[in-house]
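Next come two complexes, and both contain chain A; in the first it sits with chain B, in the second with chain C.
Showing the complex of A and B:
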């Protein structure tokens, strides 16, 4: 009897520590640990990371900084916490790519670039973070040039990537956005084909300016070479914007009060005060009647 | 009226004019009030000098006891005019001796209500901006308009039937200073008691009595809209208008009963304001309290069943949280229990009825506080890291003094009015008695 209790207790301890061990040690191979991002982290990579995160990670990891991750064992944890921020970029990349236990592997789901943009997003919650860039000595970085046009027959933005000398750049990654007042609307992320061309669909219903122009932003990346384009393309729906304070509304200035309100207010005022004034003037008649 | 039938008309005149003088007692009373009011004025000057910072108002609770007090004063001013005008139009005779008292209460509360808003202003020197830059889309502009209209209308309704009595004061009162006699003469507009004059006065009265009904309902409806036309949970309610109006009936009736009691005792009017009047006013109070209970049930049960968002938070703190003690004291002690007691006939005798009315009136004040303040202690939008002190409001000494000021001013106005004029319409009583003979 006594013996079996001791055995059980030992077994229980063993199990617990096994679980604890498993939770603690997630070994990342040296080479992977030191891997550096192929992207330079900026607002755009963060934005893209955020979109992916919201779709694919939030359900378990919760909103970063809020510590509202799903309770499970092992715990997913908050990606803004030190547990994450103390790791190298390469380690985060590796863990997202490979997964472990309940943490799914995203190797087949996302391209390397997308995983790096997730890392970029996770890093955006660390104000002290400074991206470590690879040593680029001896590597030839291509000079990229963007050629932008719009094909209105198929509603597509056509982006061609070449080198300075107009040599076609295949397999360059291209991202396109529409610039809004408060943020960017991503049109997508594509690789150029063998002709160095990537297409982006633009919904023609997207409201442009009065002539249908949209502010377009395009970025490309290949082997640490980058290029950027910002300009107007006539691809949207011509829209005449009305100011919210134009016309007569409840929220307008005094001079632009709604007509019906002016009428009702004044009618009631004049009606009631008319009677009051009639009575006040009528008071003089008392003297005549004496 | 029965007790009066035996009385000689001359005696009635004498008795009803007996309080129109500046007796020692009344002067001491007025002096005390003025002294107390001066203290409040001192605090108001502090506020003028240092700004609203001397109050407990903050970013969140920007409407504190000043606005609660304003709502209370508007509420108390409402019923007086309605009692005298509706009953007068229907031709209810018993109301006659207390109609002027009701009007004095109404006018005094309404006059002071307008001033209270000014105490809530950080820059009262810019008051006229309201008239220059005010937007008619704003309920505040409607409220100012309708309060001013109501004050003028109730002034006229009080003034017109006073004219014959002023002539009487001028001729019969012996202990009044000459300037007062002169004032009566000017204010009586050459009145000589001719039938033509009476006919004209009654015609004007009828017009004004009809007109005051919608305006009286409007003052409190529009005051409720100051709250209900916002999107804030707890104020955003479609029944706020009738809810406020029915609450005003309760507060106003209680105020009239208290005034009746004091006039009856200190002006020796026991033969004029009788047990019958208290009994009837008590019944009226029961009726209006019932209506108010009905609106309270609606105002609370409907959102409490759904418990959506901000409303849930507010209701929970009201029904079972930080404000629950005040809430249940007011609802039970200031509405349900008094109402239940008033159903008993013995409780409608002058003294018990007056005590109950005082309790109801005090509870009515706290009810306004509950409507105005606790809702603002919750942030309008979900906000993080709100400084703790913004979530709570407690009035400062200066603020309490500035809130007491209107009450003292109210007593001063009521005292002066009832020392200048007979509080019971003498000519109407006489006319009525002659008619019955």
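Showing the complex of A and C:
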């Protein structure tokens, strides 16, 4: 009896200390804590962050602002809460990248850019947030220019990144999308080669407009310099967009019924009335004769 | 015939507005708009118009401009009948992801002024007695390319638009319910009683694309949230789903966007890789709603 009490007490202590340890402050090295994003947060980074969040974070952290996170110890918490928003961008980045305990490390799963997009998404729930940008004094931000073309022999979108003075930009990150009605279809994410060129495959079967033009969106960034391109490129399959009600159909209202149906219908009407009228005239003739 | 119809309706509108002006409840631009269309043929002639403070003034018809009210019923009717050019809307429902959250139903019912027992979209429980397995199946109007409901409508109230959406105009609907009988998917519902919040919507102009306000004695159905599509937004149900069940998009672009994750994927690839199927294809109705079979979900 006495022994079991001792065991229980020890167990209780062990549990308490485990919880205390788990909830111990998650210390972030100072250098990481002060780290600033390599991206300038905008709607695009938020959207990308949202995609990653929904796939990889939502199962534990729940929908931001709804506090519907999974109950576990330590609590994952709501990313829109002050617990998260009071931290620096660098701290959030470090914690996502390294992980601790039940929070997995995403170092191998996500690129730095993707983690910053996640931070951008988390910050979108804080109306007071203003992105802290690094001191850019003395650092030359390149003015990037995008040159877009399409090579139909290899079905590839050719993106060349240069500076204003047409100096080739190697190792610039480039992302390309096809703009759909409700969202952006990603063509991929590439780094430019030593000639400043990145290639993106476009399926030649993807339907474009009547002349095969697609709405293309390209973004690039390098050393805080960014450039965007949105325009039409003749890379798709020319498609004539038909109206769903074009032509005559059996299901249509009377005015758009098939011609043969209108003819048969009218012929039947004329035929039946013709017979009736013929009979009536015949009967009148009988009457006259009698 | 058509012009005659317009004339009658505008005359009626004019008289209605003059009456309202009499009790001082209408503003000058409204009356001007009412007068305008009746005299639209003549130029440089002068018409008499009543101002809100009951003064009769003369205005040159050349100076009159139609005022497009945001709730102008005729304008809304025209938009509703026309549809969006060059589009062909499709929906893909991933049954593996549906958790019976019913957020789609709730957002649909609140947008379309529906009572809890009225459904434009309904989540059905599919239970197999033998295996004891259950999955949930959201079911909505299939916006068929060969719609039996349109065939049977005697008054052209339900119709198909150029963007593939099957809509209903409850201003024309006579409540015969032929369409309800003809629909093999039981997608339609009838307003047997006064609709929800009837008082609140009393003065709202009828918007065919939203199908609000609902009217007692008429049929109501899913509109693929045509009012939202016009603004480039996803339908109410699609964006309300927390589980990523719905994909929605334009088949002409071959792209569909998930309402939850906003991930855009190729429609043809999504359908092919997941062995998509349609409901009752043997009937030849050619639905525009695709189902991805219930399976062990990877996400």
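By definition in this document, the second predicted complex is superposed on the first by the 219 of 290 C-alpha atoms of A that agree within 3 Å, B and C clash if a C-alpha of one lies under 4 Å from a C-alpha of the other, contacts with A are read in each partner's own complex, and residues count from 1 in each chain.
Here is the rule we go by: contacts are C-beta pairs under 8 Å (C-beta built on N, C-alpha and C of every residue); 3 or more make two chains touch, one makes a residue touch a chain.
Everything numeric in this text was worked out from a predicted model, so none of it was measured.
*Asks:* If we overlay the two complexes on their shared chain A, which of chain B and chain C does A:138 touch? Say first, second, both or neither.
*Replies:* neither
*Asks:* Once the structures are superposed on A, label A:127 by its partner contacts, choosing first (chain B), second (chain C), both or neither.
*Replies:* The answer is neither, since A:127 touches no partner chain.
*Asks:* I'd like to know which partner A:47 touches here: chain B for first, chain C for second, both or neither.
*Replies:* Second partner only, chain C.
*Asks:* Touching A:261, do we find chain B (first), chain C (second), both, or neither?
*Replies:* Only chain B; A:261 stays clear of chain C.
*Asks:* Output check: A:286 vs chain B and chain C. Expected answer is one of first, second, both, neither. What do you get?
*Replies:* After superposition on chain A, A:286 lies in contact with chain B alone.
*Asks:* After the superposition on A, what does A:185 contact: first (chain B), second (chain C), both or neither?
*Replies:* Only chain C is touched by A:185; chain B is not.
*Asks:* Touching A:252, do we find chain B (first), chain C (second), both, or neither?
*Replies:* Both: A:252 reaches chain B and chain C.
*Asks:* May I ask you to decide whether A:275 touches chain B, chain C, both, or neither, giving the answer as first, second, both or neither?
*Replies:* first
*Asks:* For chain A, which residues belong to both interfaces, chain B and chain C?
*Replies:* In chain A, positions 250-253 sit in both the chain B and chain C interfaces.
*Asks:* Give every residue of chain B touching chain A within the complex, in rising order.
*Replies:* Of all residues in chain B, those touching chain A are 133-137, 142, 145, 149, 152-153, 156, 163, 189-192, 194, 196-197, 200-201, 204, 207-208, 211, 215.
*Asks:* If you look only at chain A, which of its residues touch chain C in the complex?
*Replies:* Listed in rising order, the residues of chain A that touch chain C are 47, 50-51, 54-55, 63, 178, 180-186, 203, 206-207, 239, 241, 243-246, 249-253.
*Asks:* Inside the complex, what are the residues of chain A that reach chain B?
*Replies:* 250-254, 257-258, 261-262, 265, 269, 272-273, 275-276, 279-280, 282-287, 289-290
*Asks:* Would you tell me which residues of chain C are touching chain A in their complex?
*Replies:* Those residues of chain C that touch chain A are 85-88, 145-148, 150-151, 153, 156, 159-164, 232-234, 242, 244, 248-250, 252-257, 260-266, 299.
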